[in-house]
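Notes follow once the structure below has been shown.
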Amino acid sequence: MTEYNETEFLICVASRLMENRTVAFVGTGIPMLAASLAKKMHATELIVAFEFGGIGASLDKLPLGVGDSRTFHKAVIASGICDAMETAQRGFIEYGFLGGAQIDMYGNLNTTVIGKYWPPKVRLPGSGGANDLGSHCWKTIAIMRQHDVKRFVNKLDFLTTPGYLTGPGSREAAGLPPNTGPFRVVSNLGVMGYDEKSKRMMLLKTNPGVTAEQVVQNTEFEMLVEEKVGTNDPPTAEELKILRNDVDPDKLYI
Amino acid sequence: MAVIESGIGELFQKPDVWGFREWVHKHKDKTLTSKLMSEQEAVAKFVADGDYLGTELYGTVRAPMSITREVIRQGKKHLRLVGQGIHEIDLLLAADLVDSLDITYIAWEVYGISSILRRAVESGRVKTADWSNGAITWRFKAAAMGIPFIPTLSMLGTDTLKYSSAKVIECPFTGQKVTLLPALFLDVALIHVHRADKFGNCQIDGISGFAFEMARACKKLIISAEEIVDSEEIRKYPEHTMIPYFLVDAVVHAPYGSHPGEMCYKYWRDEEHLLSFLEESKDVEKTKAYLDKYVYGVKNHDEYIKLVGIDRLKKLESMIGGR
Amino acid sequence: MTEYNETEFLICVASRLMENRTVAFVGTGIPMLAASLAKKMHATELIVAFEFGGIGASLDKLPLGVGDSRTFHKAVIASGICDAMETAQRGFIEYGFLGGAQIDMYGNLNTTVIGKYWPPKVRLPGSGGANDLGSHCWKTIAIMRQHDVKRFVNKLDFLTTPGYLTGPGSREAAGLPPNTGPFRVVSNLGVMGYDEKSKRMMLLKTNPGVTAEQVVQNTEFEMLVEEKVGTNDPPTAEELKILRNDVDPDKLYI
Amino acid sequence: MAVIESGIGELFQKPDVWGFREWVHKHKDKTLTSKLMSEQEAVAKFVADGDYLGTELYGTVRAPMSITREVIRQGKKHLRLVGQGIHEIDLLLAADLVDSLDITYIAWEVYGISSILRRAVESGRVKTADWSNGAITWRFKAAAMGIPFIPTLSMLGTDTLKYSSAKVIECPFTGQKVTLLPALFLDVALIHVHRADKFGNCQIDGISGFAFEMARACKKLIISAEEIVDSEEIRKYPEHTMIPYFLVDAVVHAPYGSHPGEMCYKYWRDEEHLLSFLEESKDVEKTKAYLDKYVYGVKNHDEYIKLVGIDRLKKLESMIGGR
């Protein structure tokens, strides 16, 4: 079996979640690499949308930022933030990829502050497009590079981006679009989904060598565990080859 | 149709539709005369202490870096800022010229958090109000439309709404909850474009970010342009005009004006410069040294270009992708 | 003295009202001809805006409609209705030219129906951009080709486009922008303005051979008359030459 | 923040944001397959009796005339319509296919009132609600943004507001009165463009009217295009894409598709044809004769072109201005 690092694994797991012939709203980093890999593997007609206006780029070359020229190279449209966000707001975007410093059991995310609002203990970047994606995409997928009790928390210091808010029916009660919300969480320990009834986060698959118990212990809130927890397949030789040779040949990220 | 919720964030700039109308009516000159001037003149004339200032697009991408550096050189103080940004906002914050920030995202994407933002906000020096990226842009859009607010379904149910100054109401047509965003009229906006004529008619290649909206949402507009072209050329393709001249107050010729950021189809971002700044920005003294070298240490953008070096800039040109 | 017809006179009178270095929102017909003439006479830097998105066209050739290609030939921008209307809404447009089947003493206009709303006795075109222009332009100028009691009426059958509504303060009370409103009415009998205090229509100038009394008699509402009513100068030889040779050489309108 | 005034006009299409979202989620196919089809197939598939239909731009200017004629040939009934229009709306009204109209302006500009509109509305056959031109377009814009309403300062104080279904509220930020316009989501839109690829990525030259907004405000979108070009060509200039393919359901190749209207940089309007129709339209029988000849009397757009005559069309091409 080929050797691989944690980042490569995360990228492959995220990539497999990308569905062909859908629109996925992504940011820089792992989601972008995952999208690029997916377009070269199973999802050749994946439309990748960037918040600054690039939609449907070829992704031949890896962008360094959500607005750089590679995000609209051979794209179907290069418009602006309004058009991109409004495309999401009116229901055209299936998947949104998110990240955060903290996530809670309903998939709500914090990327704003640690500590009180102002002045904060740690000032984080802010919502950016995350709140918009979390509000409007049909399904959101959170990428959490480090799964531990400081990041998978009982209570967020700041609720930047809506997941299922306070549980079943609360998104709709807040005025968010029906039938939308968190779908998956990809962490360095495994893949989580959400219990349909309670809307609480639930462990679906662990990474090779990781036990369900470990995931539970590294989560501050009570993590639900599916009856039969599966295992994420490690990156295949083909995935790694394409990732290393075609997606990120300059080793910018991996 | 009562107001269900009101964000507790400070409204750093009130949505004064009538005031904006009166201002542009009185000040916007429709004369077809050249607005070409140096960055010194443009900033001296059109940026004032205490102004609410906006920059477009985004730190490493088609950003008005040369004009931003001039704003810092002239020490314009007590600015209120809207970001969205990376390098340009970092510099303004590092120079301690900013009182408050309507913030959606200030960071270095994959390279992480802005140390300068952290120091500025965690110390209590700079006040903040938080918004989503869509929300900030729609606030420009409302101003560009000439209306006091605009609805969105973003921000509902979150602290992002709570710490903004948005409001939630019930839609009088559908009964659903809707966020209302106050229009954001800027005092001054800086926009860097691919080409402009001397009157200020502008074209932009590639994504337009929020140039369309911001150009229409500001009282004063400084354009920097990679290239100054004949008016006849611009007028040949009026559907490609992003900003017509009557919105513009100053046109500054600024080749490589987005450096160290990129300019699509022109030059690639200066990754080495950016990464080195990112490292230096972690330290207060090194940040000052950067400002001393690249901002205060040069008289103008011409000198900046010489300092960076034309060979390096030519190399960045060779690295940018085509169509 | 050169001979001229009524349309030519109207065009010249309207043209003289156009101020250089301003933006004027015009429709087809007399306002467009007047704008074209003004650009070739005293107002070379007049920016002419058309509602479908053409702003600042050269007007070398006379457009046949507000959206045809001549409305954006060598223009400073060719955008769309939203941009054009929003430019007016946020206060960038000095003059708006209007017309109508009926006008009242406050300069309100009807271009919607004669008779009741539905089904009407006569269905007119509707507002089009007129209501927007009447709401947002700083000053509006109405062109009324035929000045008679059926057109200058006590009460409109339908108030399509706001003038001074019901008198002083009523625009502001309705929510319309301060310091905006009707400025002039150009008819085949003369030019009217508005009394500053009462906001009522007032005769300023008659056309040659027309008496103030005639204007009053051809107006259903009580027309105010300025103390010293002037006379509109007839078209000059130069105006007529440019109008006939350069503005409308194909005799589309005149 | 109470509702101060409510227009009494009928709301012919409710601003159902959630319904629209669900619909596009379920039906919009993102597959990169050719959507090229005949106008017969496009209309049969994507226009239904009772649909709320919109056409862009405007009767004599870049109007989807060939598709409109096909809608009439197929006798799609009980349409609700939004106009803004001249020739295209006149034809649909003359063929008696329309139940109701959101109207801002239907007439022949300098040539005056539409006799066909008069007969349709004065007889009580067609119901109307009135709006300003800005208001109609902003209603599309609201739908394109995915929000249930949008504010404007148009229509205040007038019967235009009274006979619309707009509402007036007090702005919760400034206290000023504001008109709220309900979003207008179309069932089907017809847009004629200069060029499209087979997937539906579209470019438009010259003014864009309300193509951007309408393309984003409709459930089903039929594009007719003067030219079908390679996808690579379109993708080379993504900033010139007005409509990306995932919004589009059908692409119909329709050279001279705007005839008798103009198509900027391609062909001038057929003034003789238009004036003759305008005269005929004053008489019911002559209007029928026109429909018999130019709509029912031809099988498709190809036959229409032959009927009009290629010499005549070439002459119109020679009359159009350049850049």
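Here the chain labels run A, B, C and D in written order, and each chain numbers its own residues starting at 1.
Here, contacts are C-beta pairs under 8 Å (C-beta built on N, C-alpha and C of every residue); 3 or more make two chains touch, one makes a residue touch a chain.
Keep in mind it's a predicted model, so treat the numbers as computed, not measured.
Using the contact threshold fixed earlier, the set of chains in contact with both chain A and chain B is D.
The interface holding more C-beta pairs in contact, when C-D is weighed against A-D, is C-D. Chain centres here are Cα averages; for chain A and chain C they lie 57 Å apart. Taking each chain's centre as the mean of its C-alpha atoms, chain C lies 28 Å from chain D.
Centres computed as Cα averages put chain B at a distance of 37 Å from chain D.
Between the Cα centres of chain A and chain D there is a gap of 39 Å. Contact with two or more other chains is made by residues 54, 72, 78-79, 82, 88-89, 136, 177 of chain A.
Under the contact definition stated at the top, the residues of chain D that touch 2 or more other chains are 17-18, 145-147, 152-153, 176, 178, 206-208, 236, 238-239, 323.
The full set of touching chain pairs reads A-B, A-D, B-C, B-D, C-D. Residues of chain D that touch chain C in their complex: 57-58, 60-62, 103-107, 109-110, 113-114, 117-118, 121-124, 127-128, 130-135, 137-138, 141, 152-160, 163, 168, 176-179, 206-213, 262, 264-265, 269, 271, 320-321, 323.
Listing the residues of chain C that touch chain B in their complex gives 21-23, 45, 47, 54-58, 72, 74-79, 82, 86-92, 94, 136, 138, 177-179. Residue ranges on chain D touching chain A, taken from their complex, read 17-18, 20-22, 24-25, 28-32, 143-147, 201, 216, 232, 234-236, 238-239, 241, 244-247. Across the interface of their complex, chain D is touched by residues 27-29, 51-54, 61, 64-73, 78-82, 85, 88-89, 108, 112, 117-132, 135-136, 158-162, 165, 170-171, 174-177, 253 of chain C. Those residues of chain D whose C-beta lies close enough to touch chain B in the complex are 1-3, 11, 14-18, 142, 145-153, 167, 169, 171-174, 176, 178, 180, 182, 204-208, 236-240, 323.
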